[in-house]
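There are two complexes below, and they share chain A, which is joined by chain B in the first and by chain C in the second.
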Partner chain A sequence: MNYLAQVINSTLREITPILLVSLCAGVCSKVQVFNIALEGTLLMSAFFAFLTHYFLRNIFLSVAVAMVVAMGMTFIMSFFIVKLKGQPMIVGMALNTFARGFTTFLLSVVFKTKGAVNPSDLKGLTKLDLPGIRRIPFVSTMFSSLTVIDYLAFVLAVVMFIIMYRTVIGFRLRALGINQSAASSLGINVPKYQILATTFSGCMIGLAGCLLTLGRNAMFIQDISGARGYVALAANNLCKGHPLGAIISSALFGFTTALAQSLQGTAIRQQLLQCIPYIATIAAMAFYNAYAKAKAKRQAA
Partner chain B sequence: MNNERNWKRTLLAAVDTITQPLIAVLISFLLGAVVILVIGKNPLLAYGEMIRGAFGKQVYLMNTLKRATPIVMGGLAVCIAWRSGYEAMGGEGQMILGAMAAALAGYYLPLPAALRIPAALIAAAAVGALYSMFSGWLFEKFDVTFVISTLMLNYIANYFAAYLCNYPLRDPDANVYQMQNAQTGKLGPEAILPPIVKGWVHWGFVLAIVAVLITWFLFKKTSFGFKSRMGGLNPRFALYGGINARKMLYLVMILSGVMAGLGGAFETMGSKSRYVDQMIFSTGYAWTGMVAALLANMNPIGTLAASILLAGLAVGGSTMMLNMDIPLEVCNIIEGIITLFMSARMIRIVAGNHRRRKQAKGGSEA
Partner chain C sequence: MIFEMKHITKTYDTVVANDDVSLHLNPGEILSIVGENGAGKSTIMKILYGLEKPDSGEIIVGGAPRHFHNPSDAMAAGIGMVQQHFMLFEQMTVAENIVFKNELRKGLFMDMDKAVETVRQLSDRYGLKIDPKARIADCPVGLRQRVEILKILYQNAEIIIFDEPSAVLTPLEVEALLDTIRGLAKAGKSIVLITHKLQEVMAVSDRVYVMRQGKVVAERMAAETDMEELAMLMVGHPLASYQIDPPVPGKTLLETRDLCLVENGRKVLSDISLHVNAGEIVGIAGVSGNGQSELIQCITGLARSTGGQVFVAGADVTNRSVKAIRDAGLAHISEDRYVWGSATDGTLEENTLMIRQDDAPFSKRGIVNHKSIRDYAVRLIKEFNVKASSPVQKMRELSGGNAQKLIVAREMSLDTPVLICCEPTRGIDIGAMEAIHRRMLQRRDQGSAILLVSSELTEIMSLSDRIYVIFEGKIVGEFTRGSMDDKHLGLLMVGGTINHE
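Take a look at the complex of A and B:
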């Protein structure tokens, strides 16, 4: 029973970075900016969150820096795609290559290593201890050592839903995504909206980056993002950019990752377990699309 | 008068094609210089060291060509798929499995010595093609976009290969305590691609040039390029013109997978003589190949040239790291910036794809 609570706990902690990134991906896909630079953005913000915390020992400042770095990366991405008409896939891959090189470069310059940095005296984000559930045995394990950002992720999903579906700005953003020329004929400055929307949504990747490096203990490992950016892209593809749907689809990926972790130390080798989340991603998309196709066929008939 | 205008137009076109790569390379090296300056090193010396380390001596040049071999093959895989309108990035996974297949076939298959090399190459090509076809199948049957399926398959391939060389197929002669990365058994001399002349690059490089010429021939001199492009851009129109888009999809995927798989095999059989854990993943051969294909605007011959340059960047970078204590990753930074500034030019090929595909979709719905 306690084991189950622990699996749920690690599922929750795996969900939140993916959820935050896929919320950003959702905004990007709604305004028709294909963002595959998520992975590199996540890596850069995770690294700078750690770097700031390491030198300044100020958790708020490091969260802020991570958000600014993420917004900067997302701005470059959307500027190259929207203004300079760069091909999205290539812009994204370029930024990912850059992020991988830049973080490893700084890692070896600053810390003289290319593996992991794990300073024992450095504390991570403050863990939120909810007073109401501390006594309840199962639930307290479930929600133990979650940070403010973990809770914030779910709140942000709701907030994003309200912004995108219940406000004028959200309506405009979705409108320009559906038909750019119609939107611009209504006086919406399409490139400006696209760049602003993607840039501001980028700050959510910054939060996800903080979770990676400061979520448990403060540490940085080379390539710590570990394809979470790509997985979030898939999660967003699955929920078609809907913020509340993103909770469900990222829960699927969070669960498979947690499952793979919890099976470690069993007869199945670690390397095979590490495949599970990626296989689940492909399988989920294939099943979902097959289901949607069948449904469309049934409706047509 | 007319002649002069033609001449001018040709010149302008030539300037147009070459300007953007030049600007991109210039900007990236300038920014790279800034990074090197920031850590307190002399960028001119560093770049000098880099060029010397890449092309300065025969040994260095051969190292560069050796490194270029899998990069060219990865680049060709991208050329073939992207020119046909399928933006697949599965080269890495196919290359990993190809390298693994070659290492296993060369080590375990009890064949006469003369057949070992062909058998290993065929195994690698077949495995690469199958893995590539799988993503094609996911696209065709379930509409799983190439971007996501191929990215995920890359990770799956890398972990799977890591499992194989860590556990069931680990080198039986290996000393467990001395190794950094797990590896499979060392290939015998009859399964290794020999150098062309002693002290030169291995035969894999020659085979890669042959592959470049074949790809060039396919796209320039046969109807394959046109057919595959039609199939990728507008399956319905292709059908109208008597082209089976489904068949073309699989054909393109097979061809692209064969290239990537062979790229892995060349690295195994020419350079490492075994599969070493992470040998394709950490070096990023497939990604560099993609960058090379981009720099060359998806032209196979240009891809060869760009691959050699990018390989030189990495090989020279390691000399720079040794002699000047500058991290090798400066090269990744430069590579990323080159790609970023090259991206805008890609409108011609890929944005055209998107526009046409969108029109085709709109047309079919109406």
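Take a look at the complex of A and C:
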């Protein structure tokens, strides 16, 4: 029983970074900017959150820096794609490669290491202990050691839903994503909307980055993002950019990642376990597409 | 006078699109501007709508001179334009499309209920029936155009410009559109109609400008002119009527036997049996969407039929590959010149080569011979009078009519026994149309079998030796030249039956 609660707890903690990144991916896909730089953005913001915290020992400032770095990366991405008409795939992969090299470089310059930095005296984000559930045995394990940002991720999903589907600005963003020339024919400055929307949504990746390096203990490991950016891209694909759907699709990927972790130390090979989230990604995409096709067929008939 | 344009001149590079054009519009009037493609009628309206800037000249709207930098400026001055290509958000509702940019708000939020109500009122007021909550993706073309019109009315436009509004519509939708235009004028709006369809001009206009080569060459009151005069003014010389000799019956070159197509459980084609003989043009008349496209796709190998047979020059080619069917002796001028007919990013040279890439002298053992390809392209461009600056320019740079001429040139020069022409003159001007028609008749006289599909009834009526009428995937009638008038044909096309009394 307690084991199950622990699995749920680690699932929750796996969900939130993916959810935050896929919320940003959702905005990008709604305004038709193909953002594959999520991975690099996540890595950069995770690194700078850690770096700021290491030197300044200020958790608020660290979160702010991570958000600014993420927004900067996203701005560069969208500026190159929207304004300079760069190939999204090339721009994105260039940023990812840059992020990987740059963080590894700084890691070796600042910390004189190539692997992990795990200073024992550095605390991570404050854990939120909800007073109401502290004494309930199962539930308290389920929600133990979650940070404010973990809870915020779910709140942000709802907020993003309201912004995208209820407000005027969200309506315009969705509309211009559907047909850019129609929007500009009515006097909308499409590139401006695209760049601003993607840049602002980038701050959510910054929050995800904080969770990676400051979520439990403060630490940084080379490539700490661990393909979560790509997984979030897949999660966003699955929910078609819908913020509430992103909760479900990130939950699917969070669960498989947690499952892989909890099976470590069993007879199953480590390498096979590491495949689980990615196999789940492919399987989920395939199932979803088959389902959508069948649905379309039924509607036609 | 609600607007006036004085001495407008506009040049692109070396081409003079508008040469000292002056025109005006009176309140509540329906004004038509007619002319061939490239005559400058679209350019002058783009200038009025702020999409283009004139080199010189003056625009006066509501008594004051104006300079429009973009469509929003024009819109603010009460000018709206229904573009040829609709600018709509497919996955959104009618109401959402109409209020975009001028949303009804509750603070930061959308007020959708009010938007739906406003659209409903607007639609009642102008008699443009529409469901504000319907998704655009589910609306047929005619309704989409109605949304475009409502969009303009929502923004309180007093002047509405229609750019070739009937090009994409079915005959019934055209009727509805003409009614709408009349209704709008009655409600006090002033209308400018840009078109080259003279029937429509005569049906609704009060006054007509004729443009040719960038100039206004004539101004007529609609009541004081007729289609012959307008056509003559447009092309600059009298139109010759076609001299069509009675057909010399030859053997059957194209035949379908009980051709069927079932798509997603729906019968799209039911037992289509038809034949086309050598030296004969056979037309298929029907309201678009009644299976014409699918029929041609099944014949040409673009779709697999689910029953029946197709014979080309005696050989059974049912469900063979496109290449095998073409090799059996068939050429195909396809329905959509950009989707099926050409590679828009390819050069003219590449587009004329298509289909013949494996033939000598164009290639030998997989190596292409550029010189022979160039010579061939240059020859076709010249022979078919395609207005192009160079054989290596991109297909997309040609105007619609010239792109079509190039495709016609390519397909006709294959010299196959069977030629399929789908909408061969859709959206192109009278001059190019006449040239294509002449080529078709020439091929007929040389003994080819030609199958013609067109949504223009006049085209079918004037060229075909025999006509099949198609309705809901079935052949509902067959007629020979002269045994039928367009009223009866029209009736059959919409599923009516002929009353023999």
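Just so it is clear, the second predicted complex is superposed on the first by the 301 of 301 C-alpha atoms of A that agree within 3 Å, B and C clash if a C-alpha of one lies under 4 Å from a C-alpha of the other, contacts with A are read in each partner's own complex, and residues count from 1 in each chain.
Throughout what follows, a residue touches a chain if its C-beta (ideal position, glycine included) is under 8 Å from a C-beta of that chain, and two chains touch if they have at least 3 such contacts.
The structure presented is a predicted model; accordingly, all values stated were derived computationally and were not measured.
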Chain B and chain C placed together on chain A: clash or fit? fit
Which of the two partners, first being chain B and second being chain C, lies in contact with A:91: first, second, both, or neither? first
**Request:** Examine A:118 and indicate which partner it touches, taking first as chain B and second as chain C; both and neither are also allowed.
**Result:** neither
Practice item. Figure out whether A:237 sits in contact with chain B (first) or chain C (second), or with both, or with neither. Key: first
Practice problem: Check the residue A:126 against both partner chains and state whether it touches chain B (first), chain C (second), both, or neither. | Solution: neither
Winner on chain A touched-residue count between chain B and chain C: chain B
Quiz item: Is A:171 in contact with chain B, with chain C, with both, or with neither (first, second, both, neither)?
Solution: second
Figure out whether A:189 sits in contact with chain B (first) or chain C (second), or with both, or with neither.
neither
Taking the CA centre of chain A as vertex, the centres of chain B and chain C subtend an angle, in steps of 10 degrees, of 70
Contacts of A:58 with chain B and chain C, given as first, second, both or neither:
neither
Superposition result for chain B with chain C: lowest C-alpha separation, Å, rounded to 5
Chain A contacts chain C in the complex at 166-169, 171-172, 174-175, 178-179, 181-183, 185-188, 297, 300-301
Given the complex, residues on chain B that touch chain A span 35, 39, 87, 89, 138, 141-145, 147-149, 151-153, 155-156, 159-160, 162-163, 166-167, 284, 287, 290-291, 294, 327, 329-333, 335-340, 342-344, 346-347, 350-351
As the complex stands, chain A meets chain B at residues 36, 76, 80, 84-87, 89-91, 93-102, 104-105, 108-109, 227, 230, 233-234, 237, 269, 271-272, 274-275, 278-279, 281-282, 285-287, 289-290, 293
Touching chain A in the complex, chain C uses residues 70-72, 75, 83, 87-92, 96, 100-101, 103, 105, 108-110, 264-266
